[in-house]
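Following are the structures in question.
Same chain, two partners: chain A is paired with chain B first, then with chain C.
Up next is the complex of A and B:
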């Protein structure tokens, strides 16, 4: 089966006073129809920049895509004109943002904000769009949708607003939904509801979801496949069960090790020492090497490629590379 | 049963909204100073509209027999050197003054807001050009610039109005520029882009309404300033031509009689200018207090999920 969305060797750069800085360096992603792909990594590892690159929302003049391709239905999104891209955005590829508190326009009624996308993409009349918007609110589990549609964002709680954001994103029935940390700003109990809601809508409409998060619990709960990113690169990719059972990359192991466990023996959490290297000053060898427990001298010089270690499990580490070389 | 419940909900939510807008009005009316300002403006507008009914005299026709009479029962504010009733002339003149103030501000508001929004949103070379031109405007004292513009177009009420509005533009450009710069980084703007909206739609439907509150306050305060500048232009002879009754022009005509003791010719038009400016400024101050959320406690009732 051909993938729905394919990111090939994406290289995104920010233009600074000191010249271009590469924040995403050769990322490959594949998203199939109806699946949920988790993209995990620390802050600043390039996961949000990757999603902005896909949406074509990078600030012009401050950033550029220096290489690679983004293909949607085997058509390059990078070659589309601004106008064509607008037709894709929100209509076929939609996005949910991290901050539901500020992602809604404070001066418009909820119903108008949902209607907006529908009127623009589906050419509905004001009335049709409004009733569709009310229907969407109902779908995302908002009680009294007719009334809520007439209210303003400040009258809703965070969880309600994120539901509204989801209803805006899903209004045009997109094929791909990019969710950039959709639950980070919410209470844990609301998180579960929101994830459940997204799963339900996915089941109903067959949407493929790219879930960007740093929460491994959320990944275990919702995703089929996971991509772990570090310093602008993919370091490991696997089925979700495989990744949690047998993480290969030392970084992934570190991420799992720094996760509190309820079951089993109590032991100290193991943080990963150090922090993500600055994109201005990347290590010449493996990018994780300065923080890695298993570092060898070779790691500091040699940058390992992303290799398929076993069926469906890729890893970028010198420890697993020797067999194939 | 369900229907009844639904209509009850509808009426409840619309009454909630009414309560909100009523809240702003109540806050404004509770401010005594801004109510005085509103009263002053209402009086001036009423005088402008009702001038022909209020006074038996003509504002233009000379009446040489009664020239330079001090205030009395038949001529409340006295008469000028042509024997024209000052009160009548002031009432007729209110039309020009208020109209030129409001119209000039409306023009500078519209032009300034659009230019500022474009400069703030698109930035780049276009934004820099707009902002630097505005800086050039601001480099001149307002009155000097207005005089230069009015003189170069040629004296007349319209040219005075154009001059006043051009002088006012930079204020609104800078204000809107700052607001737009601030708002364009907001998440809801990005969210708008993510649903595929055009830049123009984002700018004028999403950013503009959020930026309006301080601009409206500025505009209300700006009317007073516009009245002052336009009266000054008329005083200098760059506005209306005699014998039209305009406050600034009336002061100019009565200027030479101050020394000979006929104080009423300049004093009453001067008071008229002062009170109308005071009125708009008081309303503007009141509006600023009401629209500034930091001075109000949030009344949004949050709902639990």
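Up next is the complex of A and C:
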């Protein structure tokens, strides 16, 4: 099956006073129709920059895509004109963001903010778009949608605002929804509701979701496949069950080790020591080597490739696949 | 909202009482003897004495103040000795000229500052940004009387593009039929093209001079608040909708950026009246500004007090208008 969205060897750079800094370095992602792909990693590992690259929302003049390709229906998004990309963005690929409190424009009515994309992409009249917007609000489980559509963002709670954000993103019935930490800023009970809502909409509209998160619990609950990113690279990719049962990369193991377990025997939490290296000062060998428990001398010099260790399970580590190299 | 406006109007009363009090006594502190100004320095002492008595200057200050306030309540702003008219009738004939001048410079300032500020923000570090930065620096530090003299020198004396800086119309035409008192509007309404041309030509230089300070400050304010708004999350949301960048900037960003700018516009609008005093004097513009300069030079108390009171009223009402408009734009600010 041809993938719906494919990111191939994506390299995104930020232009700084000290020259270009590569924050995403050769990322490969595949998103199939109707599936949910989890993209996991600590803050600063390039998850959001990858999604902004897909959306074509990187700040102009401060960043550039230095290499690789992003293909949607086997059509390169990078080769599209500004006008053509506008037809895709918000219409066929939509996005929701981490900060529901600040992501809505404070001076416009909720209903207008939802109808805006509808009017633009679907050529609806003001009235049609408004009633469609009210319908969307109802769909995302907002009570009294007719009334809420006439209200302003500051009158709603964080959870409600994230529902509004989802209704904005889903209004044009996109094929791909990129959700960048959609639940991070919300209370746990609201988180579950929002995830449930996204799952329901996905089921109903057949949308493929790329769920960016640092919360492995969210991943276990919602995703079919997971990509683990570290320092601008993919370090492991697997089916969700396989990843939790048998994590290969020491970083993934570390992430799972940092999670508190309720069931089973009680162990001490094992944090990963250190922090993500700065893109200005990347280790020359394996990027995780300075923090790795299994580090060898070779790790400090040799940068391992992402290899398929077993069927559907890829890993970027010298421990797996020295032989092939 | 209506209740809020009423309450604000009510709060204006103590402010006005304070203004009346302060201007009255400050004016009395001014050096100079009004009787001497009227009768001339050669006048014999008996004449001066009689004059002072007639003008009520021999009464104790508190009594003079009391009479002044009583007259104010009757809508009587006093008598301007140096023109021989009541202050009210002087204002009535001169105020339209000042309104025309301040409105014109207000419009010029906004018409330049808003687009320049928006472009400077969206094309940061571009040529427009740099040029506007230099011009707004110059605009905010150059004193208006100097700028006025330079402009008159260049555009009237040297190039002769502009008419002589003497009033609102040239000698060849007579004022249009009085409808609003604003010559540009009146000549437009009566379709009197020769007068319209004259009125615009005479208005242009003083209006530009009066607008520069405001233009400079507002364009910088628009730029900085646009920059702040454009980096906000909701702008990213708007962009993610795939709508035109034009709508992102002009709709989503501008409305939010206008909020802080509005406050500055209000303050600057109040300052225009003060600026008009200088500009009108230089261009012999027959408005209340030049009238007030004459009054001060003639130690004519009544017009000075009336002008100060009027300025205070205008500034109070501008502030009220700013707050009301703010509430209309920003749903988070509601007055009930």
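Definition applied: the second predicted complex is superposed on the first by the 323 of 325 C-alpha atoms of A that agree within 3 Å, B and C clash if a C-alpha of one lies under 4 Å from a C-alpha of the other, contacts with A are read in each partner's own complex, and residues count from 1 in each chain.
Rule of thumb we're sticking to: contacts are C-beta pairs under 8 Å (C-beta built on N, C-alpha and C of every residue); 3 or more make two chains touch, one makes a residue touch a chain.
Remember, predicted model here, so these are calculated numbers, not experimental data.
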Chain B and chain C placed together on chain A: clash or fit? clash
Looking at the overlay, does A:320 come into contact with chain B only (first), chain C only (second), both, or neither? neither
Which of the two partners, first being chain B and second being chain C, lies in contact with A:144: first, second, both, or neither? first
| said: For A:251 in the superposed arrangement: first (chain B), second (chain C), both or neither? | reply: neither
Q) Looking at the overlay, what does A:130 touch: chain B (first), chain C (second), both, or neither? A) neither
* Is A:190 contacted by the first partner chain B, the second partner chain C, both or neither? -> first
Partner chain(s) touched by A:157 [first = chain B, second = chain C, both, neither] | first
Of chain B and chain C, the partner touching more residues of chain A is B
| task | Identify the partner contact of A:57: answer first if only chain B is touched, second if only chain C is, both if each is, neither if none is. | result | both
Overlap of chain B and chain C contacts on chain A, residues 55, 57, 86-91, 94-95, 97, 99, 102-108, 116-117, 120-121, 154, 165, 168-169
Within the complex, chain A is touched by chain B residues 6, 9-10, 12-14, 17, 124, 186-188, 190-198, 201, 206, 209-210, 298, 300-305
Touching chain C in the complex, chain A uses residues 55, 57, 85-91, 94-95, 97, 99, 102-108, 116-117, 120-121, 152, 154, 165, 168-169
Seen from chain A, its contact residues with chain B in the complex are 55, 57, 61, 86-91, 94-95, 97, 99, 102-108, 116-117, 120-121, 144, 146-147, 150-151, 154-160, 163, 165, 168-169, 172, 190, 193
Chain C residues touching chain A in their complex are 232-234, 236-244, 252, 255-256, 329-332
